[in-house]
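Please read the structure below before turning to the comments.
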Amino acid sequence: MLRFVVRRLALMVPVLVGLSILLFVWIRALPGEPARSMLGQRATPEAIERINNLYGFNDPVLQQYFTYVGRLIRGDFGESTRNGDPVVSTFFDQFPATIELSFAALLFAIVLGIPLGYWAGRRVGGWLDNVIVSTSLLGVVTPVFFLAILLKLVFAEYLDWFPTSRRSDARIEATHITNFYVLDGLITREWDAAWDAIVHLILPGIALGTIPLAIIVRITRAAVADVMGEDYVRTAYSKGLDPAIIRNRHVMRNALLPVVTTIGLQTGLLLSGAVLTESVFEIGGIGRYLFEAISQRDYPVLQAYILFIALIFSIVNLLVDVSYGVIDPRVRVS
Amino acid sequence: MTERRRETAEEASSKPDSTNDQLLVVRGLKVHFPIKHGILFDRTVGAVQAVDGVDLDVPRGRTFGLVGESGCGKSTLGRAILRLVEPTAGNVRFDGVDVASLQGEKLRSMRRRMQMVFQDPLASLNPRQSVETIISEPLRAHGIEYSKKNRVREVLDLVGLPASAATRFPHEFSGGQRQRIGIARAVALEPELIIADEPVSALDVSIQAQIINLLEELQERLGLTYLVIAHDLAVVRHISEEIAVMYLGGIVEQTDSEQLYLTPRHPYTIALMSAVPVPDPAIEDHRQRILLSGDLPSPANPPSGCRFHTRCPYRQETRCDTERPELRLISPGHRVACHYAEEIVAGTVTPKVDAALPV
Amino acid sequence: MTMAPPLMSPSDPMLGVDPEHGTSLWRGAWRRLRRNPVAILGALLVLAFVLIAVFASALAPYAANSREWASEVTLTSVPGPREGNLLGIDRYGSDLYSQLLYGARQSLIIGVVSTLLGLVVGAMLGILAGGLGAKVDMVVMRIVDILLSIPSLLLAVSIVAVLGQNRYAVMIAIASAQVPVFARLLRGTMLSQARSDYVLAATSLGLRRRTIVMGHVLPNSLGPTIVQATLNLSTAVIEVAALSFLGLGESDPAVAEWGRMLVAAQDRFASSPQLALWPGLAIAVSALGFTLLGEALREALDPKGRR
Amino acid sequence: AESSRDSGGGGDDDTTSPSDGADPSAGASGGTFIFAGSADPVTLDPFFASDGESFRPARQIFEGLVGTEPGTADPAPLLATEWETSEDGLSNTFQLQDGVTFHDGADFNGTAACWNFDRWYNTPPGVGQTEDQAYYWISLFKGFAKGELTDSVYESCTVDSETEITVKLTEPFAGFVAALSLPAFSMQSPDAIEQYGATGQDDPSQSAYATEHPTGTGPFVFESWVKEDQIVLTRNDDYWGEPALLEQVQIVPIAEPKARADALLAGEIDGFDLVGPADIPRLEDEGYQILNRPAFNVLYLGFNQAVKPLDDILVRQAIAHAIDKDAVISASMPEGTAPALEFVPETVEGYTEDVPTYEFDPEKAKDLLAEAGAEDLELEFNYPTDVTRPYMPSPGDTFNAIRSQLEAVGITVKPSADVWDPDYLDKISGSKDHGIHLLGWTGDYNDTDNFLGVFFGRKSSEWGFDNPELFQALNDARGLPTVEEQIPVYEEINRQVMEFLPGIPLASPVPSLGFAPNVKGYVPSPVQDEPWNLVSVEE
Amino acid sequence: MTDDTIGGRGVNAPDVVRRDLSTEALLTVRDLRVEFGKKGQRPTTAVDEVTFEIRRGEHLGIVGESGSGKSVTSLAIMGLLPATGVRVSGQIMFDGEDLLAASEKRMRDVRGRDIAMIFQDPMTSLNPVVTIGTQISEVIRGHRDMGKAEANERAVELLRKVAMPDPGRRMKEYPHQLSGGMRQRVLIAIALANEPQLLIADEPTTALDVTIQAQILEILKQVVADTGTALIMITHDLGVVAGLCDSVHVMYQGRVVESAQRRPLFAEPRHPYTGGLLASVPRLDSPRGQPLKPIPGSPTDVLPWTQGCAFTPRCANRIDTCTEKTPALKIEGQRALRCFNPLTLSSAGGATP
């Protein structure tokens, strides 16, 4: 297992290096200059020139790349050209927000999706299956931001059950240690703050979680339907076991294998969706920030963030594979 | 002792060559599939020794049977002969031509002369091709002039399928009919050698005989040479003139069909023979059964010495686990790879009765 | 030795076979599709969508992007449904109903073109990887890995950023997000098909490698890819909207494009919700059509589905 | 004049504010005020900031020598009680407020004031000396002691006494005193900067001082900043002026105007800046307050004369006659927005009504086009997406309205939209590749050059014309030592510009603030100089 | 059992009367009929008119080629046919109780305790993600009030009984760590865990190699003999039946076409299908060169039973009656036969002594 993990980590290196080169070239292919973003509306050509010289934007791309790599090696990811914030520290400032959101979304998707998928998959073609499948399809085809706007309109503005935006209520005293607001609230025993953070996560979590939910429902359903037809389930029935044991030990434990993989694959989707959800709900996470970085040519942020995201993506997939090994003993040995 | 043994070995490998017309000559064939492991770059840390030093002579116009348990390397051997997998060592001469040395076009045209029939008839047919395409495509590929309608009909007729089958697709046929299509495709090229890898084991019992008979009839009509691979000793014995018994990548015994049945010499063959059930209560009730313990060891990590020694009821304290026995001629036309073949015949070496439970 | 079985009727040996065994695989799939109400619903939705897109100019009461009633639109109010304007006026002064119909055209064109583009490029990469051996495979798959490690929307956004804001940029952007998906899928199916016996058979028959890859492996591997393409049409329609939401896409604000209409309506959600609801619904329904069709196609082509 | 920071409330000339709640005694003392801006500040060290969101907390924490009259852009005493400019305009003497202390307890006095001037002038070369950081210093004072830019307008600051300093300039600078009202030139605590100002990074705007220890003399003391979430300030009990009524204020970023309105309606915030025009009726209907800032901006339709036939004055005039500014305003700007006559808003010195005007007259427009031989005129029309600026609350709508009007006179419009930053700005200011475009400007402080000079002071690819006379006139006007001397000159330049018609000034939209019904005492300022010490939130 | 009967060389003495068969039937299947049909589709009859009984300790063989309804019959007995789309009629009396009428809850008690089953494919019949130990002990604990440790002990004992090497260690292993033969032993252990009265083995050795098959059959024989369990052996391998079963039922297309004690059946098959099977299978002991006599056609060439004898299209012995009437299962002494024109003794190509 350890060998496997090490190997996978090692395999990530070429991908990340490739990505960093690709990104570097790509980002410099973006028209428009970071200098313009830095200087604003009425920047004079001289000022732009000075910025370009100062930051080396005029150097040959190759030279810029090596400078960049040189700094990377020293652990320096640079600073945002927009506001000078050190990229790493902003990333860690904002990342908790995105993780919290994604986690809420996944939680919603998993907690709801797996049972629904199970019920649908047990009787493929039954009325319950049809209801679940068609509802989950609706989930897939509704654009994330549209759903987000609708949820916000109905549940925050019209019904006033939930806050309209942001991660926390400014009126509630909260101490932030980790920047995971829910966690912070729990650590500091500021229960109201923790609760407030949870309440703020509900609508965005649902909006972001709906597509994963639909996907999880579908995969679970298919997996359950497949597993139900497996010989070992028939064996389990032939043993006269308690239905609950058959469901949990024999059906679900096997059906979860593809589901776990799918959950891992949702990471990319979640981050895409986070860009939109964070915009609608005004959450200061990396999604929104990254989008702004792209449109404003914030090279250092772009480079570092996309690399970080790719890294996280790979790590999540690694974790998925590892957890796969935990559930599936067949993977464990090899 | 050693001296004598070397002699017999030489004798064994030289003799068949000199005798009558051998269509296929295999010498020292090995196929090892590397097992790769590594942190960044794959290193080969071992190998699945699927085929590990096989000599084989298939006489022209005859049927040669290859029998052995699942995983012992039969299919790999068949494929290696056709260069469908690359052999690791050894050579294969087909009608005097070294198949291993052929490349590109030469190899391609050589393939026309050696064909294969597969175990799973459905899987070996492209589901998107009609029977007509399946049969005519190889003809086209080899630039063989043919009149489309006639040749396909001819071949179908040969394998006992109606002409109307030509326009249909594989999944519309029953298992036996599919196998006929597979055979039709193989014979369409008028090959000299057909390697049939488990040609009947996926078929219903009641159909197997049809296919076996078909194969026999085609051999008669077309003068084919067969290498029939199967795990079912009864089937192999039925159609083959010469049989080789394979165990864990190597051949342990080879002789003609009659001899093998009457006087099996290798302990594995003896056990195999005794394990095959016979549909006759009278015989079944009186049979002596030699049960082997355990399973086929992994070809990735084969036992030392005699590959069979871990399961062999006749295993002796010496040599069996240290020295790999060579396939040697012990009587005319009968070759066995066992150190104690003669002693077993003589009864000086007897099976251990106290062998462990079938592990 | 009798070989032709005496009773096998020479005219038709396949009497009374299982009804599933019709003819070719695709025709079998087609049969199953026709019997599947979900497929029919999906096909109807898609058909309606396509028809509307093609005949938008005939169906719409007003010209696209006419802005005839621009003077009646103020910052705070937009005329609602009324005589002559079935759904009311959009925020730029055109007939909302007409704009919705024309919007189908935009969505269809962008969706189809970008998916096709993604499919073609992805398929080419997939064929390279799956058909040209381990070295090419390694290189192509690393590239695909790299592309896949960037969330698709961000990839699309950065491409639009490079290519500028126009419809073609959007198409290319959405296509590029699909490329790795198709490449990977096709490569996977091709590699697994390449291991199957009929490929071995083709090799043993002495067919050329190209014939084997293009004539045997590829056709048998296309099924999942085609299913994926159908599903991706729905994603593409949604992604167009998402890009519009982020302010990227067709540059003319008044142009009839659902995503843009939906986004433009955002700040008037409270006073004129119809401006957002209709395009939102249109996106969802057309995406639903493609999804249903794709799902049904998947089931029809899935051998396991033939229970 | 008194500053609003002094007791006495809302200032003398009754403001544009509809809020009459400027009576401090009516406001309950204490409580928290939560205000939403549109983005997180970049830095809390205002010297290295140039964006409004960074200045918003800075206005509460810091004060400069000079403030503004509440509700206007006119300079008013703040930390300096009075000042005097020498005849030649090269020397300025400031009398300082006595008994003022920084939040860290240090005294504010002449030494501290000159320390600030010296700090600015001696900004180390490198990142800090770019317009990206020391934007206002560079654009107003031109140079530093060391580095690439050395021709500074600033010469020296001398401490005459603990309450008097003299600032010397190297050339006349009529806008000097007004410029000091910019938050960038706020007085900051020397001790705090010396203690926390060092940066590991070479970026001074991100020092520990600038993110965790901003220390000024203002009515509120910095408490905490959680990035992308909130800034918390608490009342400065030792404030030299009128201590704040509020116990605490918080500034939160909410990017979308509609989301800010939603948050206000949901009671999550007490007020916010930059109300979206579409949200105004919604808020008003619900009883929320909308306060308008006096417009201090201008939106215009620019012509790129590098593109034919825009270099033809007849074509420019034709377009001017084709546009119905009132219709454009009603379609895309908040109520109360006035059409613009020229390139400076009414509040700025040098504004005059006596400029050439071009009334809405489509027929005349068509005639002019015919006369110019440009009947089949096709124009690329550039506008930004995904942005709202105070002068451009809804660019898509503005574009759409103008497009319709242009099409009505037979001009074919080719829309071309870009993301504001940097694509659009790059295209307009950095390339020749554009046709007519929407752009505008919000003034920083009361200085005509801050408008006209910025627009027309030099040859630029935005306009694509070369008019040396105009450039020279603007250059000369800038060099006049006093505002009084400048006014007639700028009036003349305004006339000249409208004759030349490089673009069409469209409007000066009023930026609006939204507040909960119970917020009192907020005085909007055209230059956003809005200290919150008199704001109160009633229970 | 003793070691030497299984390990090494074992000798099976000719034991014609091996077991003490009680006279009273343990299981009686009467007129079993199973129809499959989805809504709107024509139902297909998978099993029809199946009648047989098995006594305690008896070994009964069901032979037939693929699709003949062997598995469906056994699943019907177990009550494991799918819940929807199936119609089962007839009677399955087990120990005096009609299982077809029993509730699902009651069936749960019966399954794994009174009746157990071993399936064909040992590779897929064990849950890949659950340890062997759990898979054995869960069936023990499911039917008996037994603690975990005790159940584990019993499981180890069972593994030892099926000659699993190193049973203690195997408990913690997963199915993929075992070879096919060992997995089949585990399945046998599971089936025998509660000492059922009836064991149904559905082609338990088809997926295994001959040498392993011999091991498994030997073990099966042993454990069944030890516990006195009645055994229904389902197979298409006539050889397996020949050495194991007391009586044999040959099925074709869902119906029993011939049943008899094994010796008479193999010695003189009467149904053309039985005879055809025996003549078409190559025998190891038959002299080379003796041609096989295949059954012509394929199993898909069938006539619905309603239109006559299903085997007619492939039958060499067919007469006109075969397509006119449906043959009934007629009992002639020790034998039951469903044929209008059965083989005579001389034409039976099958068994040669």
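Things to note:
Chains: A, B, C, D and E, in written order; residue numbering restarts at 1 for each.
By our rule, contacts are C-beta pairs under 8 Å (C-beta built on N, C-alpha and C of every residue); 3 or more make two chains touch, one makes a residue touch a chain.
Computed from a predicted model, the values in this text were never measured in an experiment.
Common neighbours of chain A and chain D (chains touching each): C.
Contact count check for B-E and A-E (C-beta pairs in contact): higher for B-E. The greatest centre-to-centre gap from chain E, using C-alpha centroids, is found for D. Relative to the centroid of all protein Cα atoms, the closest per-chain Cα centroid is that of A. Inter-chain centre distance (chain C to chain E, centres taken as mean C-alpha positions): 51 Å. Centres computed as Cα averages put chain B at a distance of 49 Å from chain C. Annotation: 89 Å between the Cα-based centres of chain B and chain D.
In chain E, the residues that reach two or more other chains under the touch definition are 291, 294, 296, 298, 300.
The set of chain C residues that touch two or more partner chains comprises 1-2, 5, 8, 13-14, 17, 161, 164, 246-247, 266, 269-270. Residue numbers of chain D whose C-beta contacts span two or more other chains: 386, 419, 423.
Within the complex, the chain D residues that touch chain C are 257-258, 276-282, 327, 330-334, 385-386, 394, 396-397, 399-401, 403-404, 415-419, 423.
Within the complex, the chain A residues that touch chain C are 14-15, 18-19, 22, 26-27, 29-31, 137-138, 140-146, 149-150, 153, 157, 226, 268-269, 271-273, 275-276, 279, 290-291, 294-295, 297, 302, 306, 309-310, 313-314. In the complex of the two chains, the chain C residues touching chain A come out as 142-143, 145-146, 148-154, 157-158, 161-162, 164, 234, 238, 241-242, 245-247, 259, 262, 266, 269-270, 273, 276, 280, 283-285, 287-288, 291-292, 295, 304. If you check the complex, the residues on chain E that touch chain B are 3-4, 6-12, 14-16, 65-66, 163, 165, 179-182, 209-215, 217-219, 236-243, 262-263, 266-267, 276-278, 280-286, 288, 291-296, 298-300, 350-353. Taken together, the chain E residues at the contact with chain A in this complex read 78, 80, 84, 107-113, 116-117, 119, 121, 124-131, 134, 138-139, 142-143, 174, 176-177, 187, 190.
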